[in-house]
Amino acid sequence: MQWETVIGLEVHVQLATRSKIFSGASTAFGAEPNTQACAIDLGLPGVLPVLNEQAVAMAVQFGLAIHAEIPEVSVFDRKNYFYPDLPKGYQTSQMYQPIVGPGEVEISLDDGSTKRVRVHHAHLEEDAGKSLHELFSNGRGHGMTGIDLNRAGTPLLEIVSEPDMRSAKEAAAYLRAIHSIVTYLGISDGNMAEGSMRCDVNVSVRPTGQAAFGTRAEIKNVNSFRFVERAIEFEVERQVELLEDGGEVIQETRLFDPERSETRSMRTKEQANDYRYFPCPDLLPVVLDQAYVDHLRETLPELPDEKRARFQSELGLSAYDASVLSASRDMAEYFEAVKAACGDAKQAANWVQGELSGALNREGLAIADSPVSARQLGELIGRVMDDTISGKAAKQVFQALWHGEGVSADEVIEAKGLKQVTDTGAIEAMIDQVIADSPAQVAQYCDAEPEKRGKMIGYFVGQVMKASRGTANPQQVNALLKEKLDALC
Amino acid sequence: MHDKTLSELADGLAFGEFSSRELTQHLLGRIDRLDGALNSFITVTFDQALAAADAADAARAAGQAGPLTGLPLALKDIFCTRGVKTSAGSKMLDTFVSPYDATVVEKLAAAGTVSLGKTNMDEFAMGSSNENSHYGAVKNPWDLAAVPGGSSGGSAAAVAAGLVPAAMGTDTGGSIRQPAAFCGITGLKPTYGRVSRYGIIAYASSLDQAGPMARTAEDCALLLNAIAGHDLRDSTSVARGVPDYTAELDAPLTGLKIGLPREYFGEGLDPAVAATVHEAIKVYESLGATVREVSLPHTHYAIPAYYVIAPAEASSNLSRYDGVRFGHRCDNPRDLIDLYQRSRAEGFGEEVKRRILIGTHTLSEGFFDAYYKKAQQVRRLIRQDFLDAFEQVDVLMGPASPTPAFDLGANKDPVSMYLQDIYTIAVNLAGIPGISVPAGLANGRPVGLQVLGTHFAEERLLNVAHRFQQTTDWHLRRPAFAEENA
Amino acid sequence: MALEHADVQRAAFLARLGLDDNEAARYVDDLGRILEMVDQLQRVDTDGIAPLAHPLDATQRLRADEVTEGDQRERFQRCAPAVENGLYLVPRVVE
């Protein structure tokens, strides 16, 4: 039987506000435990929440970026459950009237095609704290769990997709698209290692052609692009095997174990939870007026989709180049700066994706940390384009800049004497010298059939290039040599 | 000194008849001698009170005294007070010393008042008799066999007994007005959102509101001036200017249109209370007011709606008491579930558990629409009843409670206890202000007249209450308890 | 709506309130009567009536995104029953 995979994602994005969603405590990562948990974050008796305007603005910007409806009114609800990292015994979230309504995200697939994934809604909520299980165990004391509430109250935007994805690759592409949107907007640092973006994956399979969805499993906390693919691949295989053996998929929550690349059931003895959602009486309905939404819309930066389209239509890049170069805001900004400095989009695209990306990958650097600046690279490309240096020399110059040997391409070219000789007089003098020094080769050349002379000219070119220490322009040498030798025969 | 009203004491301080320290010492002495019989205080802050009194005297000497500088008062033990135990009447918070001040506490301190301590209350403000306190019941100074009402029973009893001239209470379903009525003092529940809830231990967030309890409407006005206003820390507090609530106290009542809700004079109303309220209405007529009957047709549904909404909010608000960050924690928890279940079972009293269970049940899957959503729809109808009535009349009047104070232990059944709040509870659902004014005695126990106004009509209510107190002397009557032990 | 013993047990579990059987039985009785009183609501015609969550028709005010709270751990942990190394302690949580 052929099986079709159906995937929906719930992506939790930590918003890059300075303070928490309902309190004035800092959201900075990595502080000493509980030093950034204020009275409100701790849920002390009597405290009350007040909503952070930046969290609202960021959520709306995201909504606008995915062409979603922005409802005039949104409401916060309480999701009630007990857990030690949830100080108040409820999470303030949005169940019934989220801040962002239905929208869609375009994803790019490996074959160059694109696909639209619908977003059901996105809502604001507060993050929980962290439970540290290992600190006091393994012979280090009483074995209790320690609770750090620094993260409690950090604003989260939960983005809930429709079950529109059909493969692990599509899911990963969707996650990358969300990542690029939120980082383009600057509403999240998108740092998955620090938990700024986390993902729950709903996976089911069904016989190809069947309309009804299969029973799904929810895989919690899959926190890298790679893990999303691996978790889905494992889970699909598990479900298909189960079904083909006549078994049934149970609707349950599973945990992905990256070390073993498998998902396993979170067996809990607890009764099924009942979150008892109801409108939070401490917060009033959030009402967004049209002027506010319009203002945010006008100040929205150019988004990945728009950039990709512009790179193709205005700059004439291929679909593939446009997609790679617009994938992250840092990449796109770097590329555009290189292009501005050299004036040629295609050359800029080739260099950014070729020499630069290669070097970055080798050293595991992000483009923002590139030792060669966009201006340096653009100027270097400019020197190839105006024939100041050869392509080969340009690679030397790039390496020199990468290692900090010089502040500009011109300085390196000068210091290393890599300037291409384009002065015809100087080249002619070198050619005359080589011809004078090689009478036997000249004789052979002249004896050869005209159609074989093309191959024989290589010897003379090599000699001239050697004499110029590589600085002569090979095409120019070639043309001049041909002219002079043919005149001799 | 303990017979005087706040405004009389303010004059005494201003004219140098006595210092704030002398006044404070006098009252602390009375608390020391008399409160053993009443149990109206959970915590008396002797040292802090004297220090605050000295600071007030120094401020006065430096010419920096405001209208409330040096005046003593007490705080219901639901207001978080920095460095002072704040228990909400619960074993759960017996060890909780608040690390911060409620906005009301901050404002009263900034106004120069001197807090003598924290008053007893029904646990987490759940109750109408003050019998649900971990610290024991409070006695009514008018009759030690009677309850003082609740949940702000300690505040009401302390003021009535002359232990303190005024106290702060909170009112979620009548918790200021009913004990004020039972103890023969004046108690104002302001409009929801008029006074910040920040730092007030939450019972039911969409209903809770703090207000003053004192001998007179004038004193309530003075205190409301100090505590009312927008608070950036409370999203539900209202950004609206605060008038001088004393400015219109003396305005004449000629032409005042009084509505008597038919439903507030029906079955279950003690005839003596009815007679007292009708006498009071006659006083208003003599002051030039006109009286007509009005209807609040959904009155009967206020208690059912309240006992869905308030417990639902409470069940969620009280989830934070889990034995982890503050409050009671059971000994040697076996595991996480045991920590939660035992800490909460040990820390909460019976009525609190009852309401947590009701609220949890009514919010749970399959019941939400039938209970919670329905109650909120009925809540809108109840509010509309009042808004319609205030199209026709300026104020509504009726009894604050169907009976005078009942005997301690008389109401064992929770449902019949809940029904006691029939005249006060709808007011919280609608969010409107209400004041209870001493209007007479029935069998030696005080009867309160309740006056209700539309949203933000506090000025009018205080005016209406004040004019009554200019004409009658019920608010000046003192229980024998206070006199004998003078 | 009738209330069963299991309803009270379930509510007690959701609310993490430990109840012994006697208490549970008493609450079944109490809650049953309270809900009977509450059931009077069903008599009210509420068709087309919007639920009222807040007594005033106000809207949420937004706070500027500023860090106003510094480290107050020492003060806040003074009222905590069990802390170590700045962490709140709970019995080991098994995931």
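Miscellaneous remarks
Letters A, B and C name the chains as they come in the text, with residue numbers starting at 1 for each one.
Following the convention adopted for this analysis, a contact is a pair of C-beta atoms (placed from the backbone, for glycine too) under 8 Å apart; a residue touches a chain by one contact, two chains touch by 3 or more.
It should be emphasised that the depicted structure is a prediction, and the values quoted were computed from it without experimental measurement.
Taking A-C and B-C together, the pair of chains sharing more C-beta contacts is B-C.
At the centre of the protein atoms shown, by the Cα-centroid criterion, sits C. Annotation: 58 Å between the Cα-based centres of chain A and chain B. One inter-chain figure worth recording: chain A and chain C are separated by 42 Å, centre to centre, where each centre is the mean of the chain's CA atoms.
Mean C-alpha positions place chain B and chain C at a centre distance of 23 Å.
Annotation for chain C: residues touching 2 or more other chains are 10, 14, 16, 53-54, 58, 60-61, 63, 72, 76, 82, 88, 90-93. Residues of chain A in contact with two or more other chains: 39, 42, 44, 50-51, 80, 82, 84, 147, 274, 276, 281, 283-284. Along chain B, residues 96, 98-99, 206, 232, 235-236, 315, 319, 322, 324-327, 336, 340, 360, 364 each make contact with two or more other chains.
The touching residues of chain B, counted against chain C in their complex, run 95-99, 191-193, 206-207, 232, 235-236, 238-239, 298, 300-301, 303-305, 307-308, 315, 319, 322-329, 333-342, 344-345, 348, 353-354, 356-358, 360-362, 364, 367, 370-371, 373-381, 383, 414-415, 418, 428-432, 455. Residues of chain C that touch chain B in their complex: 1, 3, 7-8, 10-12, 14-19, 23, 27, 30-31, 33-35, 37-44, 46, 49-56, 58, 60-61, 63, 72, 75-76, 78-82, 88, 90-93. Touching chain A in their complex are the following residues of chain B: 79-80, 86, 88, 93, 96, 98-100, 102, 197-202, 204-206, 232-236, 312-313, 315-316, 318-320, 322, 324-327, 336, 340, 360, 363-365, 368, 372. Partner chain A is touched in their complex by these residues of chain C: 10, 13-14, 16, 53-54, 58-69, 71-73, 76-77, 82, 84-93, 95. The residues of chain A lying in touch with chain C in their complex are 17-19, 23-26, 32-39, 42, 44, 50-56, 75, 80, 82, 84, 131-133, 135-137, 141-149, 255, 266, 271, 274, 276, 279, 281, 283-287.
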